[in-house]
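These notes are about the structure you will find just below.
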Amino acid sequence: MAYALQQLINGLTLGSMYGLIAIGYTMVYGIIGMINFAHGDIFMVSAFIAVTAFTILAAADVTSIPLALTFVLIVSIFFTSAYGWAVERTAYRPLRGSSRLAPLISAIGMSIFLQNTVQLTQGARVKPIPPVLEGGVVLWDAPGFAVQIGWSQILIIVTTVILMSAFTWMITQTPFGRQQRACEQDRKMAALLGVNVDRTISYTFMLGAALAAVAGVMVTVYYGVVDFFIGFLAGIKAFTAAVLGGIGSLPGAMLGGLLIGLIESFWSAYLWAEYKDVATFGILCLVLILRPSGLLGRPEVEKV
Amino acid sequence: MNTPATTTLLSVRQLTMRFGGLTAIDDLSLEVPAGKITGIIGPNGAGKTTLFNCLTGFYKPTTGSLRLNHPRHGEIRLETLPSHRVARDAQVVRTFQNIRLFPKMTVLENLIVAQHNVLQRASKFSIAGLFNLPGYRRAEAESIARAATWLRRLGLEQLADHAAGELPYGIQRRIEIARALCVDPLLLCLDEPAAGLNPRESAELNDLLLYLSGELGLSILLIEHDMSVVMRVSDHIGVISYGRKIAEGTPEQVKNDPQVIKAYLGEDDDEDDSEQRTHAVAGGANP
Amino acid sequence: MSAVVFARHAMTPAERLRDAAWVAFVGLVLGIPMVGLTTVDAGGRLGVETRFGLLAAVVAAVFGGRLLLRWAIDQARNRKLERERASTATAADRASGALKLVNFLGWVALGTAITLPILFSDNRYVVDTATTVLIYVMLGWGLNVVVGLAGLLDLGYVAFYAVGAYSYALLSTQFGWSFWEALPVSGALAASFGILLGYPILRLRGDYLAIVTLGFGEIIRIILVNWTEFSGGPNGISSIPRPSFFGLDFTRSPAEGEQSFAGFFGLEFSPMHRLIFLYYLILVLALLTHAFVSRLRKLPVGRAWEALREDEIACQAMGMNTTHIKLSAFAIGAMLGGFGGVFFAARQGFISPESFVFTESAIILAIVVLGGMGSQMGVVLAATLLVLIPEFGRGLAEYRMLLFGLAMVLIMVWRPGGLLAHREPTLRLKPLQQSAPAKEAAR
Amino acid sequence: MKKTLLATAVLTLGGFSGAALADLTVAIAGPMTGQYASAGDQIRRGAEMAIADINARGGVLGEKLKLEIGDDACDPKQAVSVANTMVNKNIVFMHGHWCSSSTIPASDVYVESDILMATVSTNPQVTERGLKNVFRIMGRDDQQGLVAGNYIADAFKGKKVAVVDDKSAYGKGLADEIAKAMEAKGAKPTLRESITAGEKDYSGIVTKLKQAGVEVMAYGGYHTEVALLLRQAKAAGLELTVMGGDTMTNSELVTAAGDAADNVLFTFSPDARKNPDAAPIVEKFRAAKIEPEGYVLYAYAAMQLFEQAATTAKSTKYTALEKAMRDGSFKTVIGELSFDAKGDQKAPGFVVYRWQGGKYDYVK
C-alpha cells in the first residue's frame, strides 16, 4: 500500500512534467495543425539555460531558494520564449499554407539542429547542478517503508496546478485567449475579423515555449542533471500524452501527461519495467481505437 | 434502363436521424420513381444533405429504412451498407455540396478513378495490370473511352489533362457530375449542383439533367436550395423543413402549397439557427 | 499573411539596415545563453565561463549574413518575376519541361549508378556509400507509396525495415537460408506486419495515425531489445552471411569442395568483388522496384492511393473500399521497407536494435517529403542528398549533424513542395508531344 | 549529376590517399560526437600523444606515423562507413572502435582488407567470431562480470542485491555475467531489472529497490544513468551502493552525482597510472593538462603495441604483423600485453575500484 502510494507520487510528478511539455504540443497543434517536433528540444534548451542560471547564482552566493527559483524561472522563460518565437519565425512561418508534411520535416530538421547546436556550444557532457531543494516530508511511516514526498516533487505538482489554472483562465477569459481560439477554429475568418493571426501564432509558440521552460527548470531542480539529449525522449512522451488526451485540448494534454506518468510508474512498479514503453504505446493505441480523437478531444466527424 | 415510369426505385420509410438531442430528420417517408428527376427542396438546414448522407451510407439512420429496388439484385436495404458498397453494389452515386474532387489529379484521372472497381477487377489483383496483359489493356482503353465520352458530352474534353483542383468552380461542378456518371449509377444524387453557377451554366446544367433522364432514362435525385432550378427540371418534388416532409407533388402543386410558402418566407431566421445546430453536431466547421 | 509577394516594394538601404539590426538583436538574445555563457566542469562542480568575444562575432556574422541573404532573396525574386513576365510558357509547357528535367535526371542517375563501381573499382568507400544511398532510395520508394501516394503519415516505417533485416538475419544464421530464399520471405513477412499494423488503425486520421505508427515502431524495437532468446537482444545478430554469386562465395579461401567467386573466374581475390556485387545486386533490385512502383502508380490501385490521399470521402462515394486500398498501400510499402532491411543486413553483416530507432524513420520520411511527395526521382535526389551531406561533413566533425538539420529546414523553406514537386499524370487523353504542334497551329 | 558529386566528394575528402604516402597511417575510431563523445575524446588524446612520442623516437621502421580519426557516434551504420573510409586511407592499424556494436560490423570490413585492429570493446562477440585480425587490449564482459559478481557475493554477503542494466549490448552483457557469477556463488540477486538509458526519471525503479530492501545495486551500463540513480536514491532516502563496470571510470560521474559518487564501486583493469613504468608517461599527460583516466592510456598502449609488433615483425604487412602480435608479448603503458588464439588479452585481470573524493582507487 505504502509502496503504491509512493509510486503514485512518483507517477504524478513525472506526469506533471509530461503534461507541461504536452501543453506546448497541443497548443501549437490546435492553432496550426502541425506536430512541432522541435518542442522537446526547446524544453532541452530551457533546461540548459536553467543550469547556467543556477550556476551563476551559486557563483554569486545567492542562498535564498525562493529568490533563486524566481530568478531562474524568469530568465529561463524569457530566453526560451525567444527560442520558441525564433523557431516559429524561421522554420514554420515560411511554410504556412503548404502541405501539412512540410512543416513536420522542417520541425524534425530544427530538432536535429537545436540538439547539435547545444552540443556544440555547451558540450556533450552532462551538466549537473548541486541539489537545490533537498529533503522532503515523510507522509506515512509504514512498517518497512516510509512514503516520502520531496520538496521538489511538491514544487512540481503545485506549480503545475497553478499554471494549469492560470492557463485555463487565460484561454477562456482573456482577449488573447479568444483570439487564440478564433484562430484555432478558422484562421481565415479570424483574420477577416481583425485578429492578427501571425502574432497570435507567434504568441502561442512563445507560451508553449514558456511552459516548456517551466518544465525545464523543474527538471533541473528535480533531477539535477541535464544533457543535450533529454529533449528527444521527453518530447516523444509529451507528444504521446497530448495525443492520448486529445490533441488540441489543454486539459486533455494535462490528463494525458498524468496518465502516462502513472502508467509508466505503476507498470514498472508491478510488471516488467523494460516493457513500460510498450505499455504506454499499447494503451495509446487502444484508447485511439476506441476513441479516435483521444480522451478529451473533440470528436472529429468530417462533414460530408 | 427502360423501366416503366410508374416503378418506384427508392422508397424512404419513416426515416429518422438524430444527432444527440437534435433531430435532423424526423419520420420522413418519400418515394423516388425510376427514370425521373426527383427534386428535394427545403430551406437551409432542413435536413436535405443529412438525407443524402443517410442514403449513401455516410450516416447510419437512427430508425427507418431505405429500400432500393435494384433491377438486378432485387431489394437492397441501403441503411445496412457501408458507403462504398452503396456506390458499388447499389449503384447509388452522389456528388457533394462542397465539391470533392481529387484536386491534384487530372480531370481524366478523376473519371478513371471513378471506374476503379471495374478496372481493379480487370487488373486481377494488379497482376494483369503489372504485365499489361491484353485483358487489362482492353479494360483500360474502354474506361478511357467512357471517360472521354462524358467529357465530350459535358464539354470538358480540352481540359482532360489539367489538374482538376486548378479549374474554375463551375467547371469543377461539371467534372464532379461527369465523375459520378462514370461510376455507372442507377440513381444519381446531386447535392446542390447549381450552387455557385452563373445563369448560363445553370441553363446548361438543366439541359444536361434533362438529357440524362430523358435520353438515358437515368433516375436522378436532386437537392436544390434554389427553387427556380428544381421547378424547371423536376418531374416530382418533395419539400422538407425541419427534417419533416411538408409537401410533395408536381412542381405546380408544390409551388402553390401554403405550407411551402410559409417555410420559405415565414421563418427564415429560425432556419438559420437550426442549420447552425445541425452543423455543430455534425462536426462544426467546414472540412 | 504576406501572400501578395509581387507587391513588395524594394527596400531602402535604411530599411535593410534596420531589418538586419533586428535580426542581429534576436541573434544576440538567442546567443546569450547558448554562445555567450557556458558552464564548464571546474573540479567536480560547474563554473560559468563567458565567451562574449565569440558572441560578438556571431552577432556580427548574423548581421552581415542577414544583409546578404535579404539582398540575395530580393535579387532572386526580381529575376524570377522578370522571367515569369517575359516567358509566355503555358502550364503544359512547364509540365513538359519538368518532365524533361526529371527524365534527364533519371538517365544521368542511371548512367552514374551503373558506371560508378567501374570508375571506382578499388575504392571501398565510394562503392559502400553508393550502396547506402541505394538502400535509402529503396526505403524512400517504399515509404513514398504509403506517405507520398496514399497520404498516410507513417512515423514508424523503421519497424518494417527492422522486420526485413531481422527476418533475413535470423533465417540465414539460424536456418542457413540463402539470400535468395530469404529475400522474398522477408518481404512477405514485412508486408504481413504492414497489414497487421494497418488493420486496427484504419479509422485513425492524419496525425493520430502518425503517433500510433510511431508507437508501433518503438514497440518493435523494444521487443527486439528485450526478447534476447529470439533476436539476440541488444547484442544483435552478427556474422550474417553475405549474398553469394549463384552459389559462389566471395571468400579468399573457400571451404573444402567449394569454389569461390575469384577462383571460379580465375581472378585474384579482392574484397571489392563482394562489395561491387552487392552494389549491383541492390541496384538491379532497386531498378525492379522502380519499375514495379511506377507501374503500380499507373494501375487502378495506384490511382486509388492517390485519390485516397486527395479525398477519402470522395473515394467512398465512388464505391472504393478504402480499407483495402489503405491496407494495400501499407503492405506494399512495408514489403519494400522489408527489402531495404534485407539489403541493410547484407551490407552490414551485423544488425542490432540501435539501427532501428525513430530517427531512422524521420530521415526516411524526410527523404520522401524533401524529394517531393509521390515523386520517384525526388526520392533518389533527396536520398542522395541526405546520405551525402553527413558524409561530406566528415571533415567538419561536430558541425556535421548541425548542418544536416539546417539543410533539412532550408530545403523545406526554399521548396515547400519538395525538390521535384511536379506530378506527372498517370495517363493523358492527348499525349504531350501532340499538343505542342496543335498549339503552334493555333497561334 | 548527384553521383558525380559523390565522386568529387570522395576525391576531395581524401578518398585517394595515393598521393602523399610517405608515412604510415594508423587510425582510431570511436564516438567523437554524440552521447558518448567524452570517451572518444579520451581515445583521441591518448592516441595523439602516443603518435607524437613515437614519431619523436623516429617513427616505426623508419617511417613517421600519421593518425586518422574516425567518428562513428556509436552508430553501427556509420561504423561501417568509417571503416570503409579507413580502408581507403590505407591504414595499417586501427585502434577502435569503442562501442561493441560498432566494433563488430566494422571488424568485418577490416578483416576483408587485411587491417589489424586492437579494440577496447568488451563484448565477448567481438573476438568470438573467429576473425584473425581482431585483438582486444581490454578484458571481456564475462571476465569483468565474474570479478564483480564474486566481489559482491563475498563483500556484501547477506545483503540484498539488485542487478540492473540499461538494455545496451554492453550493459546487459555485463549485468547478465554479474548475475551469473553471483548465482554460482550462491548469492541470488533479489531483483533483476532494466531501465531505459537516456531517460531522466528513475524514481520508479528506485522506489522498487527501496521496497525490496536492496542495499547494493550491480549495474551494467554507463555512468550518466548511475549518477541519476544515485541522486534519486538519496532523495528517496535509500542508501545505495553501486557496483559498475569500466565505464564508471569517467569523472563525469563525480560531477553529476556529487558526494553520492563515493558509493560507487567498479571493476577496471589494474590502474596503469600506478604502473611504475608508466609514471613518466602519466607525468607527461598531466603536464599537458590531460588526466590520463579511462581510455587515454589504452589508446596510448594500442599505439605502443603497434610500434612494437611492427618492429618485431620488421614489417607492416598484415600477415607478418598479425603473427608478431599473436606470438609476442609487449610492454606497454598499461602493462605487459599478450594474446590468446581468439585475440583476447591473456591476463586481463580486473580489479575493483571505489570512487573517493573525486578520485578512484583500489578497494582496500
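Letters A, B, C and D name the chains as they come in the text, with residue numbers starting at 1 for each one.
Here is the rule we use: contacts are C-beta pairs under 8 Å (C-beta built on N, C-alpha and C of every residue); 3 or more make two chains touch, one makes a residue touch a chain.
Predicted model only: the values in this text are computed from it and were never measured.
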| item | value |
| --- | --- |
| Centroid comparison with subunit A (C-alpha atoms), farthest chain | B |
| Leader among chain pairs (count of C-beta contacts) | A-C |
| Centroid distance [mean C-alpha coordinates] between subunit D and subunit B, Å | 72 |
| Between subunit A and subunit C, centroid-to-centroid distance (C-alpha), Å | 30 |
| Distance between the centres, which are taken as Cα means, of subunit D and subunit C, whole angstrom | 34 |
| Whole-Å separation of chain centres (CA-atom averages), subunit A against subunit B | 47 |
| For subunit A, residues that touch 2 or more chains besides their own | 119, 125, 128, 130, 274, 277, 300, 302, 304 |
| Shared-contact residues (touching 2 or more other chains) in subunit D | 33, 167, 194, 252, 255, 258 |
| Contacts with 2+ other chains: residues of subunit C | 41, 45-46, 225-226, 313, 398, 401 |
| List of subunit D residues in touch with subunit C within their complex | 1-7, 9-10, 13, 15-16, 32-33, 71, 74-77, 80-81, 84-85, 87-88, 100-101, 104-105, 108-109, 112-113, 123, 125, 129, 167-169, 171-173, 194, 252, 254-255, 258, 358 |
| Contact set on subunit A toward subunit D in their complex | 3, 6-7, 10-11, 13-14, 119, 124-126, 128, 130-131, 134, 136, 144-146, 148, 150, 152, 219, 223-227, 229-230, 232-234, 264-265, 268-269, 273-274, 276-277 |
| Subunit B - residues contacting subunit C, complex | 56-58, 82-89, 93-94, 96, 100-106, 108-109, 112-114, 116-117, 119-120, 123, 126, 129-130, 144, 148, 151, 157, 160-163, 179-180, 183 |
| Subunit B-touching residues of subunit C, taken from the complex the two chains share | 91-92, 292, 295-296, 299-301, 303-304, 306-307, 310-311, 313-322, 423, 425-430 |
| In the complex, subunit C residues that touch subunit A | 1, 3, 26, 29-30, 32-35, 37-41, 45-48, 147, 153, 200-201, 203-208, 210-212, 214-216, 218-219, 222-223, 225-226, 313, 358, 362, 365-366, 369-370, 373, 398-399, 401-402, 404-409, 412-413, 416-417 |
